[in-house]
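Some structures to go through are shown next.
Each of the next two complexes has chain A plus one other chain: chain B in the first, chain C in the second.
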Partner chain A sequence: MTAKPKFAMYWAASCGGCEIAVLNTHEKILDVDANFDVVFWPVAMDAKYKDVEAMEDGSILLTLFNGGIRNDENEHLAKLLRQKSKLLVAFGSCACEGCIPGLANLSPVGEIVHTAYNTITTDNPNEIYPRTSYDVPEGELHIPTLAKVLRPLEQVVDVDYFMPGCPPESHQIAAVIDLVIKVVKGEAELPPKGSVIGVGDSTVCDECPRARNVKMIKEFKRIQDIAPVDSELCLLEQGIPCNGPATRSGCNARCPGAGAQCIGCYGPAEGVMDYGARLITAFSSVIDATTPEEIDHILDGIPDPTGQVYRFNLAGSLLKANREAWKVK
Partner chain B sequence: MTDQFEPTIIGFTCNWCSYRASDLAGTARMKYAPNVKLIRLMCSGRLDPTFVLRALSSGADGVMITGCHPGECHYIEQNYKALRRFLLLRRVLNGLGIEPERVKLVWASAAEGARFAAETTAFVEEIRKLGPLNWGKADDGPQATDHDQPSFAHGKEMEVPA
Partner chain C sequence: MTEKIGVYVCHCGSNIAGVVDVVDVANWAAEKLGHQGVVIARDYKFMCSSLGQELIEKDIKELGLTRVVVAACSPHLHEKTFRTAAKNAGLNPYLVELASIREQVSWVHTDKAVATAKSKAVVSGAVSRVIENRALDEIKVPINPNTLVVGGGIAGIQSALEIANAGFHVYLVEREPSIGGHMAQFDKTFPTLDCSACILTPRMVEAGTHPNITLLTWSEVVNVAGYVGNFNVTIKKKARFINEELCTGCGICQEKCPKKVIDDVYEAGLGYRKAVYTPFAQAVPNFPVMDKENCTYFEKGTCKACEKFCPTNAIDFNQQDELINIDVGNIVLATGYDLFDARRVSNYGYGRLPNVFTSLEFERLSNAAGPTSGNIVLRDGKTTPKSVGIIHCVGSRDRNFNNYCSVICCMQGLKFAHLVHERTGATVYNFYIDMRTAYKAYDEFYQRVLEEGTLFVRGKVAEVTDAARYSNERGKLIIQTEDTLAGKQRRIPVDMVILSSGLQPRKDAKEVGKLFGISCSMDGWFTEKHPKLDPVSTMTEGIYIVGCAQGPKDIPSSVAQGAAASARVLDKILQKEVALEPIKATVDQAKCSGCKICNGLCPFNAIAFIEDDKISYINPALCQGCGTCVAACPAGAISGTGFSNEQIIAQIDGLLLRNLEPAEA
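Here is the complex of A and B:
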């Protein structure tokens, strides 16, 4: 049997939706199996970290890495898979820019742990928290240690390609799988290193079927507070904070097309250095007011401005985290 | 030399009013704090909030945005855009733990050299009181990679997080 190129997929700080999206490629998954030897994919098969450690450096052709780097286990696997892989792809929004887990960068890590073990449904009167190491008769046990902030993959290791989306659309994944198979067969060439793959080259607005005018708005409202939402008109022009203007195309404007605002999961559009900054500009452009008082009154309609403009992108933004989070000593 | 903290401040000025105000302050030999490094834009409406975030993440302690008075913009209404961006940007910065006072918006016409000088000095003093931001310092900022394991997460302190 001739050796097939090796494929790996790993999840760090993520939800598992990226794995589901890969399986959602339906029969295309059979092409992966036909063309690759799947050597490591904790969600789909049994494999041990020591098996990966025993592999030769660079012996895995393609690794899809989803999830951000939140603890020392994530970091170890990121470095290990970088070492063992020829092509390391930051797969999905978490690995590319932090995604929803990246919003935890708004709080110091101690506060996060405290919240997790003291929610309304968690009865913890004695304030008991997990330890990262514990002595048992058989030896010392360890659980992963949280880092003070979550980092996208690129801030930890060198990344070859980026594939954004929460999760990446299955038709985009299928196209990328096809491309890699063609490259393996010598029928196509890889895009330049550092490319964002499986995406469009414009913004969600460009793919959005809704009509855009130059209407200005007097108030921002949450979508659930507007009835009925105009099905033809741009959502931003209806006063709904829609993240489309800053967001990379590639999803066929799925959310606005279905009547919900874009939340920005495909990350910054081409040429956008800071996603939040671009959205600040976009939202400001529709505000119909010229006095600070009136503008502030309209802005009160966005209850969580930081979360709104950095919903998926905080860990990958210029400032990356709340000051209190990274100042923790 | 005293040991007092000297803030680094980036100032964005518009070509038609506030840059000329700073020019006037200079030719009139008015004294004002030297901490502001000016960058001239054609208009305050050119101010992309990215510029401010880039400045703060790269080591600036404060950012001053200046433009023509409302109603007097060379490009008719672009300074209103700057105002709207500024107000939303301050809210976003607040959520990131950056005091909104670190970003200031000043209107100054070409004739207001004295106002420009006074506002600059006042801003420098305000930032001096707030202290350094230190966002871009590799060992102390969110960029840190090798030193970012919080010490309290090792061992028993984990049991009683702050």
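Here is the complex of A and C:
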């Protein structure tokens, strides 16, 4: 009935914010409907995996895949959608580099499950934990099995484009949708495979309106412990560990502009291999200390260094995963 | 483009081949790294020999090699050799990579199989890296012919004079009011018993009056910027409160000054000086220094006796510290040593038992110009000792303090024994662990002291005490020691004990090293470039170390090093220009967001911020390629030639054998 190209969107280990960000493009979503045949988008429409499995390979033009690969269901869908899609986009920080769910890679799976089922508000006197299979009169029931670590999409399947952000900014999503529509109409060309799209070419500082000087940091403080925060001056210079200098631009420096430090959701700048390593060397470089004790004292001002410098990037970092693991396998 | 890579594995005699199967490494490289471009892999007895170099040159010409990997020693040793060989054969020298399989493999492993496997990995890393190397051109910069010598002891004076006599200008900086150093405190020098002052002061005067030497005493270097040939040094000239233009050095101010102060430096605490003073009569320069801490005028606002009596109105109470900025091409560090603080060996009683003396105290006691006019007496200032014990190795060769031998203490102890014997006729005991009298005429001196009747006890002294057990020990200091030759414990009562203290690095040696960009050994001595073949150079080109700053040594060795460093400096000056490694950092303007993180970091002030474009810029003429900014740039916008991400990652992949085809587990 229609010759419109097909569009899919899927969420793996993610919060759903990416879907909201797509809807947040307002009337632009109508362009999606006008130009694409939405064939699979669990959050927006009913569809079954078997419907996707029945599709012809490569029949979906564009799939926006958000969320990291945490369990075997995520992995199955990642591989399936890779097979069915011409363009697979790692959409949002989780798919690109693991994001918040990736911080769970600091703990073994057993510990994660134990923690989840033994919170202060969880009454679990019989120590009941989920099992991946369970026999009921109707047969055996399955729930997905957690993997040892959360992997970004690229570590599981080949990815065409990366679109970072937690979530990606709506104006960037709109621009990308526009571009794909133009490509479909033959009015534009796709960027080279592997490109990071919907981003700027520098770092958050490039878009940040705050005044900057040569940095000499005597003390790191949490933003809530500083009153008042200078609204004109670089936050890092005020001792607030702002991740802006290491974070890819594209968000219009939304957080520093609003008075909060950048937490790094747009990931590393182009060509940077390890976001956290870059950031911690940058911070360390501008510490104004003369003795090792003083250095320790200043760095103690960052109570959770991993959370600070790898908040979005742990699963995608050099430390925690091999980027090309999917190739070796 | 596929590179043509030659791999050359050196045996280094048995240095490498004794532990690593070098033939296997070469064959493996040819077989397994062929797909990376390795077209030839050879092993050879000594790659650094002229024949070894010719082998490489021939292959470059005949096989058209575009990259060379030499698996041999550390690049510190022979990188230059092989780069030059490549250059001779028409290949850019920066397309040569050294794989260290000696320092990093054969010298640190004993298991042949493991060492061979590791060598393969190191070679593989170098092959992967060299593919990413880019041809670079050396940068030539002129050398400033002026030299800075830091420290005006005998080593520094010698160094300064050699350079000045060759016709080049020297700035000689000394922290104390006069040059002369420790040697000026001694009475006699071993083994010739020359009068120390008699042989030193002519050199001091020569340095003080030399037209090519600018003497800056009571001064300290506070900042060093730049690099070989082009150092910019800031020197703080501390206020003397004396106008040097007007002062004639007549000494009236010292005579009239009413304030006596214990002289802890020159007189080792045994004598007094005035609040305005020259440390000793032959001081160079002979302008006095006012000791602000102790001057009555500075303390109470009244006195000014010196000002009243100065015939030339040279006293200037308003003088301020002055910062002097100079440009020099080379720097010689002759910062000397500190005497080991004998208080630390508490069982020897120094500081607690009055008649225990340090070696420097004894030097002053025995010096004719010292506080006792050369009379060797007890702490009461009048009693001549009838028996004296001299303890060697105090603070040296002792794992509680310093492991090293301080070199001079044996001879110093023998000299003391001779002087005590000569001047007092007292019975002298020397307590030694091993007698170390190497070098010319030293052992003859030992024989002489033996013949003079000095008694030698071989053994480490356990304790010096005044707690008498027997009647003959009453009122004496008792030296409790093991006599390892007699095989028994002995208690020897004496009137006086002299501790032949060892030498140790200056207490601020680490900071000074940091200031000049050189490193210290575990013990704290400045580290030379090569312990045997380059003892006065450092890893920082243009910075030299001489005398005891490099390690304990006697006067002849200090003088020899002073002269040796000067030869190195003159060599540099006469070359007129120096080739700098073309290792520079550059900013990718598109990636730079102007965060200014790098702006305050450059030790060479090579980074500027361009306000119009809001980005940082690195001046290639000033950049020394240290890499500080490359590491700091959070955006990855700064890269360093020769150390690109591509090179480093390729080398890591190579080391991990990820570059092999098919992949090996």
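We adopt the following convention: the second predicted complex is superposed on the first by the 317 of 329 C-alpha atoms of A that agree within 3 Å, B and C clash if a C-alpha of one lies under 4 Å from a C-alpha of the other, contacts with A are read in each partner's own complex, and residues count from 1 in each chain.
Just so it is clear, a contact is a pair of C-beta atoms (placed from the backbone, for glycine too) under 8 Å apart; a residue touches a chain by one contact, two chains touch by 3 or more.
In this text, all values refer to a predicted model and were calculated from it rather than measured experimentally.
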Fit-or-clash call for chain B and chain C when the two complexes are aligned on chain A: clash
Partner chain(s) touched by A:T281 [first = chain B, second = chain C, both, neither]: both
First, second, both or neither for A:G186, with chain B first and chain C second: neither
Which superposed partner A:P137 touches (first chain B, second chain C, both, neither): neither
Which of chain B and chain C A:T145 touches, first, second, both or neither: first
Chain B versus chain C as contact partner of A:P228, first or second or both or neither: neither
Partner chain(s) touched by A:P125 [first = chain B, second = chain C, both, neither]: neither
Which of chain B and chain C A:G110 touches, first, second, both or neither: first
Broader residue contact with chain A after superposition on the shared chain, chain B or chain C: B
Which superposed partner A:P303 touches (first chain B, second chain C, both, neither): neither
Clash-bearing segment of chain C, relative to chain B, as chosen among 6-14, 204-212, 510-518 or 546-554: 510-518
Overlap of the chain B and chain C footprints on chain A, listed as residue numbers: 273, 278, 281, 285, 328
Complex contacts: residues of chain B adjacent to chain A: 48-50, 52-54, 56-57, 70, 77, 80-81, 83-85, 87-89, 91-92, 94-98, 135, 140-145, 148-156, 158-162
Chain C partner contacts - residues on chain A that touch it in the complex: 201-206, 212-216, 234, 236, 244-246, 249, 268-273, 278-279, 281-282, 285-286, 328
Chain A - residues contacting chain B, complex: 72, 105-106, 108-111, 113-114, 127-133, 145-149, 151, 155-156, 273-274, 276-278, 280-281, 283-285, 287, 289-290, 292, 295-296, 299, 302, 304-307, 309-310, 317-329
Contacting residues of chain C [partner chain A, same complex]: 590-601, 628, 631-637, 645, 649, 663
